[in-house]
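What follows is a pair of complexes built around chain A, which joins chain B in one and chain C in the other.
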Partner chain A sequence: MKKFTLSCLAIIISLIAGALILWLMGKDPVAAYMNLLQGSGLMQKVKYAGRQNMFTDFMSFIDAMTPMIFASLSVAIALRGGFFNIGVSGQMMIAGFTAHMLSLVVPSRILVIVVGVIAGALVGALIGWMRYRFNVNEVVSSIMLNSTIMYLVTFCINTFYVNPVSRQSKSIIESARLTISGFRWENLKLDIALAFPLAIITAMFLQWLIERTTYGYEMKAVGLSPKAAYYAGMKVNRISLITMTISGALAGLAGVSYFCGYYASIQPGTTPSMGFDAIAVSLLGGNNPIGCIFASFLITIISKGSVYMSSRQNIEPEIASLITAFILTFAACSAFLSRKGRK
Partner chain B sequence: MIDMIIIDGLSFALPLFIMAVGGIYSEKSGITNLALEGFQGFGAFTGSVAVVYLTGIFGSTSNVPYYAGFIFAVIGGGLFALIHALLCIKFKADQVISGVVMNILAMAMTSFMTKSINASFFGNSANKFMLGASARITVPYLSDIPLAGAIFRDIYPFEILIVLLAVIMWYVLYKTKFGMRLRACGDNPHSVDAAGVNVYAVRTMAVFISGCLSGIAGMSFAYSISANFSPDIYLGYGYLSIAALIFGNWSILPSLAACLIFGFARSGGSAVINELGLPSSYNDLVRILPYVLTMLLLVFFSRHNHSPRALGHIYDKGQR
Partner chain C sequence: MSEPIVEFRHITKKFPGIIANDDVSLTINKGEIFAVLGENGAGKSTLVSMLFGTYEPDGGEILIRGKKERIYSPRYASSLSIGMVHQHFRLVSNFSVAENIILGLEPERKLFGFIPYVDIEKANHDIAELSERYGLKINPEDVIENLNVASCQRVEILKMLYREAEILIFDEPTAVLTPQEIESFLDIVRSLRENGKTIILITHKLAEIKAAADRCAILNRGKLITVLDVESTSADEMARLMVGHDISFRTEKKPAVFGDVILDVQNMSVKSRTGLDAVKDVSFQIHAGEVFAVAGVSGNGQNELADSIAGLCPCSSGKITINGHDITRASVRERIEAGIAYIPEDRHNVGLVLDFTLRDNLPLRQYYTPKFSHKGVISRSSFVEYNRTLEKEYDIRSSQGGATIMRSMSGGNQQKAIIAREIDMQTPLIMFMQPTRGLDIGAVMNVRKQIIAERNRGAAVLLISLDLDEIIDCADTIAVIFNGRINKISPAEKISVDEIGLYMMGVKTA
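And then the complex of A and B:
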C-alpha cells in the first residue's frame, strides 16, 4: 500500500509541475488536462468527425496502450528478478522486424505473435546468458544490443524493405496485423487491438507466477540477493536465465503489438522511445504486473491525449513527454522515500 | 582518401573522447553514469541557444557566438549533471535508473524548449536551431608532412580545445590530490571519509565535471556532424562513449585509443563504401562495428576489466 501512495505522490507532483508550465505559458491547465482525457476517449469532445465518437477514440486509446502494458511488464519482471532491462527498445524492434519478415511468407496473426515472442526471448536470453557466463553487466550489454539491432534493422529496411514514399518500412499485410483498423460497426470506424486481451491475461498470469509459484519465489529471492539465494540452494544461473527470457519474450510481444499492430510499419533509424518510457511505467506500477496495467493506462492518457491537447490549446505535443519525464524523475526519487520510511 | 579518413575520424573521435573522459571522472568517483547522452544533448542545447541569441547581436561574421556557445554548453551540461548528482547522492536513487531518467528528461526538456523558444521568439515552428558547420583551420608547415600531415589539416577549432582539455584532465585525475581522492572515492569511499574528506562533495564535483565535458562534446557534434541542434542529437553517441570508456578499462589513454578505433572505423567504413559505390545505407552496417566490438571484448576480457570497486554503490556515511 505504501508503494501505491508513493506512486500517486509522484504523479500528483508531476501533474502540478506540468500545470505550472502550462500556466506560465499562458494556457489554462484544467482545460488542457481535460483535453488529455477527451483525446483518450474518456470524456466527450466538443465535436467529432464522421464515423467517430468517444468510443472510437477509446478503442484507439486501448490500441496504443496494449504495447505499453507488455513493455512495462517486461521491465517489471526483469527488475523483480534483479535485472535492469534497458534493452526493451531493441528487443521490440527485432521482434517487430522478424514478424514483418515472416508475414511476407506466411500471413498469419498467430505466427506473428509466436515469432515475436521467440525473437524477443532469444535476445533476452542472450543478455541473461552473457551476465552469468561472462559476468557482462546486463545494462551495458543491452545498450550495445539496442544500437546493434537498431542499425541492423535500419540497414535491412533501407536496402530491401523500404516504402519509398513514407521513408518507413513497407506496411504489414492486413491479415497478419494485430490491430484491425477501420472495422465497420454500426456507423463507426473502429480500431480493434486484438492483443489487448492477451495483455491483460499475461499480466494476471505473471502476478500468479510471481506470487504463487516456487519459481516466482525463487526469482524474487535472486532479485533481492543472489548470494543468499545461492546459499539457500537455488540454481541462481538458471533462474536468472529464465527471468531474462521471460522479460525478452514480453518485450517481443510489445514489439509485435507496436510495429505489427498499433503501427503497421517500422520507422528506421530510431529505437522506439516506448522501451524507455516503459521503465517509468514499471516504476510507477511498483514493478507489480497489475500495477503496470494501471500505470500504462495513466501514461497512455498523457501520450495519446497530448495530440488532441496540442491542437486545442496550441501547445507543443512534446509537453506530454516532459510530464512523463517528470513522473519518472519523481518515481526514481520515491525509492529513496520508501527506503527512508522503512528505516 | 586516407586523408579524408583521418580528418573525419579525428573530428568524430575527439568529441567522443572528451565525453568518455567525463564518464571516467564520474565512474572513477563511484557514480555510474549512463546519463552522458543526456548531458551532451543538454549542453548542446544551451550552447545552441546562446549561439542563436548572440548571432543576432554580433552578426554572423563574428567569432564571439562560436566560443560563447562552447562556454554555455559547458555551463549547461554541468548544471544539468547536478540533477543527476542530486538524485544519486542526496536522494540515493538507483544510479542506473537515474542515468536513464536523465536521458529521457534531457530529451523531453530540450525538444519542448527548442520548439517553445522557436515559436515565441523567432515565430517559426521548427524543432531545430540552425548553426551551420564550424569553420576549419589548417596548421601551416605541419600539414605538409606526408600522410601524418592530415592530422593537422582541416581541423575544427574545437578539436584543439579538446586535446588541451584532455591533457589537463589527465593531469588532474592522476597527478593531483583532488584526482587521487576522486579515484579513492570510487574504490573505497569509507577510507576517504576516514581521511577527513567529504565523499559527497567529491562525487558531486566529479559528476559536475562529467556534465561540463559532455557539454563540449555535444556542442562539437552540433557544430560538425549535424550542423544544427535538433532532437536528432540523441543518436546514441553518449552510449558509444560509455562503450569506449569500458573498452578503455576506465583509464584515459586506453579510452583515447578506443575512441580513435571507433572514429576511424566509422570514417574508414564510409570511405570504403563510397569507393565501392555502394548506397549510403550500407553506412549503417559499419556503425554496428563499435558496439559489437565492445560486446565481444566484454565477453572475452571482462575478467581482466576492473571497474571501480564501489561503482554504483550508494555511499551512506552511517553504513559499516
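And then the complex of A and C:
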C-alpha cells in the first residue's frame, strides 16, 4: 500500500512540475491536461471529424497502450529477477522486424506473435547468458544490443524493404497486422487492438507466476539476494536465464504489437522510445504486473494525448515526454524511499 | 595530576527492544589508557560510538575537556580531535598508505600558480616522519592491498595521528591480530600514551587490559558495573565482574552418547576466493549425538570449511561423505536432501532474503517440496501454517507476524528464524557457524541450549565459533584450526583452555 501511495505521489509531483512549466510558457495547464484526456478518448472533444467520436479515440488509445503494457511487463519481470533490462527497445525492434519479414512469406497473425516472442526471447536469453557466462553487466550488454539491432534493422530496411515515399519500411500486410484499422461499426471507423486481451491475460498470468509458483519464488529470491538463493539450493544461473528469456519474450510481444499492430511499419534509424518509457511505467507500477496495466494506462494518456494537446495549445509535444521523464525520476526516487523506509 | 578529558554523565541509549546503555557515568583522564570491558552486547561499542558521533545519546550528556558537547557526527568528533579505529578498517585498498591517510585533508599546491594538485611528496614525507616518531614502521608509498592486517591497523592509527587526534578510540583492535602482532600493537599504544594521547580501548580480552591499560570500566548488559584500577585488580576478579556472576553459566548437558559416523571428511582442501589454499588437507569425523566444535582465530579457514561442506564453495581435493553417501561433488540442494542443515555466519546476505517477509523466509530451503508446493504451484496456506508453527515453537518475535519484512526484524529474531528453519528440517547433520555473534546474552544461552538439544536428539553437530566460551560450553569434541589446518582434535574434557589457546595461535602443532 505504501508503494501505491508513493507512486501516486510521484505522479502528482510530476504533474505539478509539468503544470509549472506550461504555466511559465504562458499556457493554461488545466486546459492542456484536459487536452491529454481528450486526445486519449477519455473526455469529449469540442468537435470530431467524420466517422469519429470519443469511442474511436479510446479504441486507438487502447491500441497505443497494448505494446506499452507488454514493454513494462518486460522491464518489471527482469527487475524482479534482478536484471535491469534497458534493451527493451532493441528487443522490440528485432521482434517487429523478424515478424515483418516472416509475414511476407506466411501472412498469419498467430505466426507474427509466435515469431515476435521467439525473437525477443532469444535476445533476452543472450543477455542473460552473457551475464552468467562472461559476467557482462546486463545494462551494458542490453544497451549495446539496442544499437546493434537498430543499425542492423536499419540496414536491412534501407536496402530492400523501404517504402520510398514514407522513408519507412513497407507496411505489413493487413491480414497479418495485429491491429484491425478502420473497422466499420455503426457509422464509426475503429482501430481494434487484437493483442490487448492477450496483454491483460499475460499480466494476470505473470502476477500468478510471481506470487504463486515455485519459479516465481525462486525468481524473487535470486533478484533480491543471489547469495541467499544459492544457499537455498536454487540454480541461480538457470533461473536468471529463464527470467531474462521471459523478459525478452515480453519485449518481443511489445515489438510485434507496436511494429505490426499500432504502427504497421518500422521507422529505420531510431529505436522506439517506448522501450525506455517502459522503465518509468514499470517503476510506477511498483514492478507489479497488475500495477503495470494501470501505470501503462496513465503514461499512455500522456504520450497519446500529447498530439492533440500540441495542436490545440500550440505547444511542442515533447512537453509530454518531459512529464514522463519527471515521473520516471520521481518513481525511481520513491523506489529508493520505500526501500529506505523499511530499514 | 589527572585532568579529565572525556566525561560521560548519565548516558542512556535505547534501541528497539534493548537498552544498550543504562545511566552510564564515567570520567576518562588525559594521557591514560582506558579500557572498556564487557561481553558481546554489553553496550561498550554503543557507548564509545556516541563519543565518536555515530550515535547520539537518548539521555545524559558528554563533556569533552570540561565543555558540554553535542557530538552529532564523526566529522564533528574529529574536529574535537577524537579519532577512532573501527573493527573493520576503512581504507581504499588500491590507494597507497599516504593517499589513504591524507584523504579529505590533502596538502595542496598550485601548478603554474593556479591549477591545484595534491602534493603527494610532502604527504609522503610528513607521514614517514610521523610513522618514525611513533615507531609505526610504515612505508607511505606501499599500496594498502599488499599490506597485512596489522599494517593496515597501523595505517588507521596514522590516519588519526595525521588528523592530530588527541583521543584515540580502538574498537576490538586485537580481534584480528596474531599474538606477536598484539604484542607490538600494545607497544604502539604505550608509546602513544607517552606522547600524551588519551587511549580508549574496547575489548573483551582480559590479558591485554592487564598488559596495557591503566584503568578499566566494566559494562554488563548496558550498565556500568564499576571502574577499577587495573594494576590492583586480578584478572579473575575482572572476569567475574564482566560476566556479572561467577563463571558458571555452563549449559546443562547430559553425557554424550555417540552413534554412527554421520559426517566423514577426508583430506579436504579448499581454495579461497582469491585462489589461496584456505583449508589444507583436513580430515575429521562427526558422530550422531556429538557436538564437534572447531575453535580458531577468525580467518583461519573456518568459513571455507563450512561453506564447502554445505556445497557453497567447491573443495579442490578430498572426499566428503554423509551417512555413507559421497557428496563431494553434489549440489547444494542434493546436500540439503542428503541431510545437511546449515546456519551460515553471514545471516544477512546468505542466510536470509532480507527483503522477503518472515513467512517467505522460513521455507527457503524446502519451498519446492510437496509440503509447500504441488507441481510448481506454491501453497500459500502451507506457508502461513508453517510460519505460525515455527513462530510459536521457536518464539520468533516480529511486529507484524508472518508479513514482517525480515530486514526490519532485530538481529536476534533474524537468527532465531534461521535456526528455527534449519533445526526444523531435523537433518542428521547440522552446522552452526558463529551462531551467537551479535546476540544478547539471553539469546546466546538459548541458542546454546538448542545446539545441545540437537545433539541430544541424535544429530551430528558441527559448531564453528570464534568464541572460546561457547566452544567449551557446548563441545563434546574440540578441534582447533590454524592457518587452514586442523592441528588438534581432542575430546573436550581432555584439553584445557590454555592448550586450546596455544593451538589456536599456532604456537603448538600436533
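Quick note on the criterion: the second predicted complex is superposed on the first by the 343 of 343 C-alpha atoms of A that agree within 3 Å, B and C clash if a C-alpha of one lies under 4 Å from a C-alpha of the other, contacts with A are read in each partner's own complex, and residues count from 1 in each chain.
Going forward, a contact is a pair of C-beta atoms (placed from the backbone, for glycine too) under 8 Å apart; a residue touches a chain by one contact, two chains touch by 3 or more.
Computed from a predicted structure; not experimentally measured.
Q: Tell me which partner A:Tyr48 touches in the superposition: chain B (first), chain C (second), both or neither.
A: Neither chain B nor chain C is touched by A:Tyr48.
Q: Does chain A have more residues touched by chain B or by chain C?
A: B
Q: For A:Thr214, is the partner it touches chain B (first), chain C (second), both, or none of the two (neither)?
A: A:Thr214 contacts chain C only, not chain B.
Q: Kindly classify A:Ala280 by the partners it touches after superposition: chain B alone (first), chain C alone (second), both, or neither?
A: Only chain B is touched by A:Ala280; chain C is not.
Q: Of the two partner chains, chain B (first) and chain C (second), which one does A:Met25 touch, if any: first, second, both, or neither?
A: After superposing on A, A:Met25 lies in contact with chain B but is clear of chain C.
Q: Examine A:Ser225 and indicate which partner it touches, taking first as chain B and second as chain C; both and neither are also allowed.
A: A:Ser225 sits against chain C, while chain B stays out of touch.
Q: Per the contact definition in the header, classify A:Phe205: touching chain B only (first), chain C only (second), both, or neither.
A: The answer is neither, since A:Phe205 touches no partner chain.
Q: I'd like to check the shared interface: which positions of chain A are touched by both chain B and chain C across the two complexes?
A: 339.
Q: Can you list the chain C residues touching chain A in their complex?
A: Within the complex, chain C contacts chain A at residues 310, 312, 331-333, 335-336, 342, 344, 346, 349-356, 360, 364-365, 367-368, 373, 376-378, 380, 405, 407-408.
Q: Can you check the complex and tell me which residues of chain A touch chain C?
A: Interface residues on chain A, with respect to chain C: 212-217, 220-221, 224-225, 227-235, 339, 342-343.
Q: Quick one: in the complex, what on chain B touches chain A?
A: Within the complex, chain B contacts chain A at residues 34, 83, 87, 91-94, 96-98, 100-101, 103-105, 107-109, 111-112, 115-116, 119, 236, 239-240, 242-243, 246, 279, 281-282, 284-285, 287-288, 291-292, 294-295, 298-300, 302-303.
Q: Across the complex, what residues on chain A touch chain B?
A: Going through chain A, the ones touching chain B are 25, 84, 86, 130, 134-136, 139-141, 143-148, 150-152, 154-155, 158-159, 273, 276-277, 279-280, 283, 316, 318-319, 321-322, 324-326, 328-329, 332-333, 335-336, 339.
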